[in-house]
Amino acid sequence: MCAIVGIYDNDNAARLASIALFAMQHRGQEATGISSSINGKIHTIKNRGLVSEVFDDDALKILKGNMAIGHNRYSTAGGDSILDAQPVFAKYKLGEMSIVHNGNLINKNEVREELTNNGAIFQTGMDTENLIHLIAKSSENRLRDRIKEALNKTIGAYCFIVQSRSKQFVIRDRYGIRPLSLGKLKSGGYIVASETCAFDLVDAEFIRDVRPGEMLIFSEKTNEPESIQLFEPIFRPCAFEYVYFARPDSDIDGKNVYTTRQNMGKTLAKNDKNKDFKADMVVPVPDSGVPAALGYASESKIPFEYGIIRNHYVGRTFIEPTQEMRNLKVRMKLSPMKSLIKGKSLLVIDDSIVRGTTSKRIVKMLKDAGAKEVHFRVASPEIKFPCYYGIDTPNQEELISHKMTKDEICEYIQADSLEYLSIDDLKKSIGDDRNYALESFDGDYFVTK
Amino acid sequence: MCAIVGIYDNDNAARLASIALFAMQHRGQEATGISSSINGKIHTIKNRGLVSEVFDDDALKILKGNMAIGHNRYSTAGGDSILDAQPVFAKYKLGEMSIVHNGNLINKNEVREELTNNGAIFQTGMDTENLIHLIAKSSENRLRDRIKEALNKTIGAYCFIVQSRSKQFVIRDRYGIRPLSLGKLKSGGYIVASETCAFDLVDAEFIRDVRPGEMLIFSEKTNEPESIQLFEPIFRPCAFEYVYFARPDSDIDGKNVYTTRQNMGKTLAKNDKNKDFKADMVVPVPDSGVPAALGYASESKIPFEYGIIRNHYVGRTFIEPTQEMRNLKVRMKLSPMKSLIKGKSLLVIDDSIVRGTTSKRIVKMLKDAGAKEVHFRVASPEIKFPCYYGIDTPNQEELISHKMTKDEICEYIQADSLEYLSIDDLKKSIGDDRNYALESFDGDYFVTK
Amino acid sequence: MCAIVGIYDNDNAARLASIALFAMQHRGQEATGISSSINGKIHTIKNRGLVSEVFDDDALKILKGNMAIGHNRYSTAGGDSILDAQPVFAKYKLGEMSIVHNGNLINKNEVREELTNNGAIFQTGMDTENLIHLIAKSSENRLRDRIKEALNKTIGAYCFIVQSRSKQFVIRDRYGIRPLSLGKLKSGGYIVASETCAFDLVDAEFIRDVRPGEMLIFSEKTNEPESIQLFEPIFRPCAFEYVYFARPDSDIDGKNVYTTRQNMGKTLAKNDKNKDFKADMVVPVPDSGVPAALGYASESKIPFEYGIIRNHYVGRTFIEPTQEMRNLKVRMKLSPMKSLIKGKSLLVIDDSIVRGTTSKRIVKMLKDAGAKEVHFRVASPEIKFPCYYGIDTPNQEELISHKMTKDEICEYIQADSLEYLSIDDLKKSIGDDRNYALESFDGDYFVTK
Amino acid sequence: MCAIVGIYDNDNAARLASIALFAMQHRGQEATGISSSINGKIHTIKNRGLVSEVFDDDALKILKGNMAIGHNRYSTAGGDSILDAQPVFAKYKLGEMSIVHNGNLINKNEVREELTNNGAIFQTGMDTENLIHLIAKSSENRLRDRIKEALNKTIGAYCFIVQSRSKQFVIRDRYGIRPLSLGKLKSGGYIVASETCAFDLVDAEFIRDVRPGEMLIFSEKTNEPESIQLFEPIFRPCAFEYVYFARPDSDIDGKNVYTTRQNMGKTLAKNDKNKDFKADMVVPVPDSGVPAALGYASESKIPFEYGIIRNHYVGRTFIEPTQEMRNLKVRMKLSPMKSLIKGKSLLVIDDSIVRGTTSKRIVKMLKDAGAKEVHFRVASPEIKFPCYYGIDTPNQEELISHKMTKDEICEYIQADSLEYLSIDDLKKSIGDDRNYALESFDGDYFVTK
């Protein structure tokens, strides 16, 4: 996941970047950072923590200048170091640059090996450092040409923003796997952000999505960003953004996330093969299961009810439960609406099942609270393959759908029935006008260049 | 508001108290505290901040003993001092005691004046300090009799737990205005808490509500708490708990909060005098407006939609917006679902209107996002009077319904129509088997003793 | 110990109070606090920590007004609660007051018992709370008369400053045990402080010491403070202030601390009964042993050398040493000058020996570093009795001079010889024109009223 | 400045490194860090702040392994980034390495330019990053040979410790400008540290100084470190370590710092050209001026007195003084002993004068406190040239001795007389058996290779 933002030609660049990052906090809570450029010098502040913790007025006073890029980092294995926060800054032959990146470079290790064999050093674990090296090593004279050359050696799903002392270069990979949109700020200048939900908070108007394979160049000489088509586009946007990642009020490549999720629920209901029981209510696993549950309810005419409450005060550290309170952690986050569900047959909707442990705990919690039956419905297909395109899925061995059939999973999570959305239905729910990136579901690892 | 909890006869008393307070965090986020008793000594830790911030393992190690009381403090005017956190501890003639309190004593100033005239000092602004003084000044020999005598001089809405070195005394006022329930811990001992939602997290079974005018005494001599009816009960539970305060999964005096809120929405729909327009969707103001909106939608058959997203990352301090971003604060918390509501006629449901400023901002936000019409519906009656029974309402001059008629408010908040739930309909929604405390709506300040 | 300060009639009252407390930080590092008065309202900020940690600009912005009192708290057993920081604030019959106190009330428990028997409550462990109760309970009409009446029931060593909404009352006990001086601020108004070293930092001119038994009243009606002799003076200032507590650049009751310490060293040298050995150098235990060591060296003509270095970076918490590093703690604070002392005979000067453990560690450290002989000299008499007059000495059982003879102590700390300053020599060193409080040395607990 | 430490073959490696860094805190307070190696993996923790703040037990639990290197960073201009803390870690062709560095590379910019021209990137402002690049780019197969090759391209004053997954390489430049000593830990293994004062705290025995131009290699195959003479030694140790930097209890290259400082004071007294006045006392500017002042006093027979007190509670941030309190900052750190110096003629000894502003403030402070005359003596020669060998001196334009003659400086700081130690006398004071690095005094920038 992760979120990136770029602000160009606005005197409040870093402030606007921080507000946009705040709006995209759901894409990464581990660390955050912003680089601004002023008078030919780049200033960077980055740290672990939430946007609202890292960027106070003191920080923003340091980040002067009329251009800024920013990043929210999702918690990933091993990357606990503060050095693994972005933007990544470097001095190189042409001066200074700073980079933010959302995505995943699948040839990271090969590139690293080649680079280190030629004497390069890596100070972080981030693939973003690869790109900086490739740019610095290019023999081209202009930064735009260096970036092009670097990207020619880069395979993966990516959205980059490279900021030099006076310019910004925005690149989306040829498949358009991760989202990236362009907007115009009412207070002047431009914004590029992973999700359009950031535009509302900073008073920006959506212009268009950045095109697959496109490089946008913001420079002092132009008012409008220059557009260069770097690679021939082969559009395959990530379906998982619609299923789970993006905020429901965002529009990704022309499709509203909330609406597509509702469609997933509706389609799930329409094609539910297992309707022998009579469910008393449709219950979402909050918050991300809500739109699909509303869709399921409206299609099936079964009443929608808030059978599970989500507690938003859960912090990072808390009282360790005693031995007898094993299931406390999930219950501190989710509480069953006891009086409502007692003796009732529930149709529970979640957005996805990854390892199965949370689903199992939810079913147990609901049954302990008195639910007569729990029919589990998943508004996405079975996740059988790890994602290498920027989503933080676990190893294949940990994916329950890799190890078990649907019936075995149903038994494992102790549900009374279990249904998934089929791959075809997922495509239809988002809109069957496109060829989506579905590698987690179908194992089609199509990125080769 | 505020929340209180008592744990009796369990070796993890303070830990369980902290978990219960965590479950009741919605009743107060300003400060929190716990007193435990061990070996005839009371230990207290209290501080500003959330339960998950104040009570880590280090704190719990200090709070040893098999009995504990705890408190969450709601943010109230002037009470910014750490001294205004509870429990309030005191040494007095018979030894040590610690007290937690939820409610409001309406003869606070008279009692204070009498006490100070007789030489007492007050180190805090809390009315809880009154009770401690009255207990300490009593000429009775037993603590239970001192408490009785003190309560005889106390007028107001209250739930108290007084903890001595080896006993706990639990009192609910004769009107039962504020909620208080008794449960049995599966790991041993008893719990008393403001809301039953705390019982689930600590694995406790609900026994019964504490009765209006009842004192429960937990002491080493008894397994079951001793019950004494201190005052003749005149049951008038607070309607506002159902409207707004309590968590939807709590049952208060035998009525589930979520269900009563749904009923409010249904009744509102049934009796909506203003139905000339054709609303495209029912949209709740999240989170507390959701159950009523579901009720309205199910009754009216207008589709329920999540037209407003709530951002839960809003912290305490954040980047000050620039001059041009005046409305940023409400928008950082609530975001309109632009694509969904564009060109639509919305029926927006909120739980209440107090000052009117937030409602006005919500209407503006929705219209700016493209809503064609915004019809505002309030799942409670007009708030015309301040509450003196423990709810933190502002002065009467700030209450918009004190200053304006319904039509004027509709104009002020720029809604296309506005309807409230009538007082009668509110009573029916909760259940017309009882005489509720409705002073905010009808000005009936009935507490006289 | 502890330090108190009062600033009257200066628009920067709280700021000046914080600077004065900073200058007196050596008298107490556990907690600090300031109360200011403005528009008939008293504001208080107090917390654990150093003055420079608690009082930043944000804190001082809250503490508005042209009068302020402040306090530094010394670490004392059991008083770990934030409630035990001063000033102590209370509302009482006549309004608001805030008190700071340096000293110790020896009839604290009797007064508490009488007060609690009459229904009073105590929320802290501090004897300062006694005084507030006594003031509040007085039947007098004017605060000054209430304070008088309260002091009539108070036995002990004390300096108080009581601040009401518009006045300050400064009291020093009839014996003048603890120091207290009056100064005039060049920027306007007056200062009262425990030590004159505070005057330099705030640009104040020393006027005179507050007299034993005197009450100074600062009020809006007068420019000069009004002086009332409350009690007949029986002047017996504490000798320990000169020996150890006070900062060397302070003048206490007309005598400079540094000079008296030098005199102690000189007298110690003059009357040293044990001179058979030939010491190579006089080495102080830094920092408080330095002036006496200089005196000893100048009198004995033995060269003064910095044989022990003090590390000032020692913080509150640090790496726990492993099992093998038992003596690390004293060595992290004090380091021997190995090259200098190797093979040398040292005459080590410390200000006092309390429990003997530190002295033992110092001797061992010096011998481990190669010292041939360590002759220990103490610039004060043997401490055989606990102090009840405001100095934080341990119980009598822990005092090594209570349990052992001089020779036994010498053996215990493994010194080659040991000498103390006699009581008579101590008196002479400070100036034999006065009757000093010497209870730690001679057990004369003279305070009876 | 800065301090470095290496611990080899001890199970408490990181703990011992932290204690050693604590002992060397005076060499750098801005940031600190430690890298440990275990199971072929290097773990690093570094942050801004003091050693006692950064390294608590939680940090040390992460830093497992039986070898560790550490660093204290001195505050230098521009290096406010956390990225500029050391050790610097990198993955490169042969695996992982981590480096600490004390000193300054004078061909830093040339090397950087060459490296960036060849495509290298620099993520920090530290010259240490140069060395890592050079090591990584070497075509040699063994790390020791790569380090050699890298050092062949490196000009400057340096002490490095390079830690790989299982070895440590310690290098001191051919001039031995910065100190570095080798010790044997009583608990097993070896220590290398900038100053011997670190040895005492970790219970290590001094073996010898690392030789100029020597590389020590600690590897699993050997018990004793392997020694390789990398460069022909041209011994020129830094005189400033003796004058100001090092702790007085350290021995540098066989000479005790305290003793050399005393000698400087004695020599200053012996050759003082200006003795017409009769000084009443010798007063050091604490703490670093103390040994020289003792030397001056013993030679001149003028009494040594503590005329200036140093306050050690000065934290990083504090109350801003009001407009009228301009000189507060120096006075919060240093207080004049008013009673002692009033009407007296003082001979004040400081270790050096850099910009002159502090000296001017000290003279003013003493005269304001009543000193009749202030004769300023400096225990080092005039600083006329900036240091490029690892000492943080300002630009030449800011050096007062670059801009003014001795008489002009005397007038500027308002002293009654001013004398410096001559360069020859400085050499003699340390020991005229060596050719010292004296570039700050004589401008002889001798480092060429």
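A few comments on the model shown:
First chain written, first letter: the chains are A, B, C and D, and each begins at residue 1.
Here is the rule we use: a residue touches a chain if its C-beta (ideal position, glycine included) is under 8 Å from a C-beta of that chain, and two chains touch if they have at least 3 such contacts.
If you want to know which protein each chain is, UniProt gives these names: A, B, C, D = Amidophosphoribosyltransferase.
The shown structure was predicted, so the numbers you read here are calculated from the model rather than taken from an experiment.
Counting steps between touching chains, the shortest path from chain A to chain C takes 2.
In terms of C-beta pairs in contact, the better-connected of the chain pairs B-C and C-D is C-D. Here the spacing of chain B and chain C, counted between their Cα centres, is 48 Å. Computed centre separation for the pair chain C/chain D is 37 angstrom, with centres defined by C-alpha atoms.
Listed for chain B are no residues, as none touches two or more other chains. Chains touching one another, given as pairs, are A-B, A-D, B-C, C-D.
Interface residues of chain C, counted against chain D in their complex, comprise 12, 15, 18-19, 22-23, 25-26, 29, 50-53, 55-57, 60, 186-187, 197, 200-201, 203, 247-249, 251, 256, 258-259, 290-291, 294, 298, 303-306, 309, 311-315, 317-322, 324-325, 328, 331-332, 335-340, 369. Residues of chain B touching chain C in their complex: 44, 81-83, 88-93, 112, 116-123, 132-133, 136-138.
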